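So that you can tell them apart, the chains are marked A, B, C, D and E in the order they are listed, and the count of residues begins at 1 in each.
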């Protein structure tokens, strides 16, 4: 049995946690989870740390949607750096699921990316814990989340 | 009873702490607070650390107004990174309330953003401590501080 | 009695430490100081750490003049980040007094900025230790070092 | 006998680990290895840490292919920074083998770079552990991985 | 007697360590040294850490030549950041001698910069340990390595 933390934000414009939970429910009996919501992406690193230290999570899925402006990009870089720092502190993975708002051409497209990236990374988180060979079998294959797989080099 | 630290700067062109305090006064009996002022945003991270370690704060609200020039942006990135580092050291949230001076089209607009962002994040800080479910109920809804909510994707 | 460290560089084109010392001498009897010079700004963070740990300083004033080129800007960012890291390690303030060489329109202007910023931050350092209320009284007022105060928003 | 960790990603579009393993097999009897695959480059730092701490690796080769977009570049910077942090934590080398997707003019070229860089860095990793003088003999000679050597300055 | 570490790379196109050693030999009887070569600049921080912790160095001179492309610049920033982190860990100076390949207008100029910067910083490293007043005497004078001194402001 593994315990998965979900950290998400009020800032994001789509509720990716619902999709993550939908995937995790497929693994009932082997996976439990809990959720912690914060205002924005820069609040995610310590939220993840709390999920690890106070809630005994084995992995955390960190969901965020950086905005399109220059200082949003800077916030994303700070958040990612500290998510990296947190992982080294606890020796556990945080699967960062960030969708930049300007990745979407419109709201419909943005939602589609967020849904797809959240679901696929939920599987990645589960398999990292329960079946790491699943990932090795896909190493170097151009696997993508939020879009079609790029596939391996065609050469 | 929770104790909230307010760290702010002489550099900022509007006294956001007053608005934060105004909100916190609504919670008298459940919330106490104290304030520590430093010269500029790069002085905020250790100010927050002192509020946690020397004043037993449960959360810190860090108020700053980065200037419009390239090196001001760099200062903001350094300050945010170290605010992130501080949170991981103490395992507690710092709610960063930064308003870039060039977010405002004029002084009137700048003040309006600063006031709104400070007040809304003061509520966020209180609810993170006293009622975290309040935030989860708003997860993925495009909540904003300093401007109108963006709202969820319309798709 | 407080002990103030001054860390400065051979790279800078004006001796800001002299101005800092001139201000600190006004506080004789309440303030002592010592100085440590390094080649450039990236050497300042560990210089500050040594002033704290080997010389028992209560605060450090770090004086530097980043050059105008892209890699000088990068050096400034690295130096500022590590100055931030050092503060969190020792739980004490480092007042960073950086003047970018291209802030000055000419040598005369550059010197004027460096002199003014160094002197005003020397007062900031002293008051942070001896009279923190002095800073709170100026919170949110658009106080500047190296130029005229910007003043509060006019709205 | 030294033990080498290989950390790689599903995101990369070519399986560089195969080339690394091919090189390491030349050192059978003196080198053992194991592999750990993660979704993308930001997952590599903690993967490396786990290879050091849970699998007793003496060095880790971290294989990744950052994408061509601005946020891919940002991910690469975060990943590299945390790979640096991890090395300082464990006091051991991580040989970072990153090939930016846009280094390749086409798939054929990209594969050629990835193959060459992976193989050459596999030798570097082995010699760092088994024969450091091999590297000193090549100091300052403009050695490259993923392309022809630049060679020493011609002056 | 002080012990100086020299960390350098195979990537650089000129052997700066030879010039550093040439300078250090002038101090025979007061200075000893040793050298450690790694593939590229991102390998320098942990190389320096090993020189401090495994070889008891009192200071390290880190020699590198970042390439001219955008990702080379990013590597330089990561390397410098981690060189800064390493200094704070060990409480000792690392004198970073980086020459960006595009500082040189041609190979001849590049070599001249590398030679000059390496030699001058070798003196800086020695004097930081043996005669710190030598540096203070030059504080704020616009001292440069790799080019003519800029000199103090002319105002």
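Basically, a residue touches a chain if its C-beta (ideal position, glycine included) is under 8 Å from a C-beta of that chain, and two chains touch if they have at least 3 such contacts.
Keep in mind that this is a model prediction, so the values were computed, not measured.
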item	value
Equivalent-chain rotation between subunit D and subunit C, CA atoms, steps of 5 degrees	145
Interface residue identity across copies subunit C, subunit E - same or different by half	different
Cα-centroid distance, subunit B relative to subunit C, in whole angstrom	25
Centroid spacing, where centroids are CA-atom means, of subunit A and subunit E in whole angstrom	40
Multi-partner residues of subunit D (at least 2 other chains)	77, 81, 85
Chain contact graph, described as a line, ring, star, complete graph or other shape	ring
Sequence of chains encountered when the ring is traversed from subunit B in the direction of subunit C	B, C, E, D, A
For the subunit A and subunit B complex, residues of the former touching the latter	8-18, 35-39, 42-43, 45-47, 49-50, 53, 70-71, 74-75, 77-79, 81-82, 85-86, 89, 106-108, 110-112, 114
Contacting residues of subunit E [partner subunit C, same complex]	73, 76-77, 80-81, 83-85, 87-88, 91-93, 95-96, 98, 100, 121, 124, 128, 132, 135-136, 138-145, 150-155
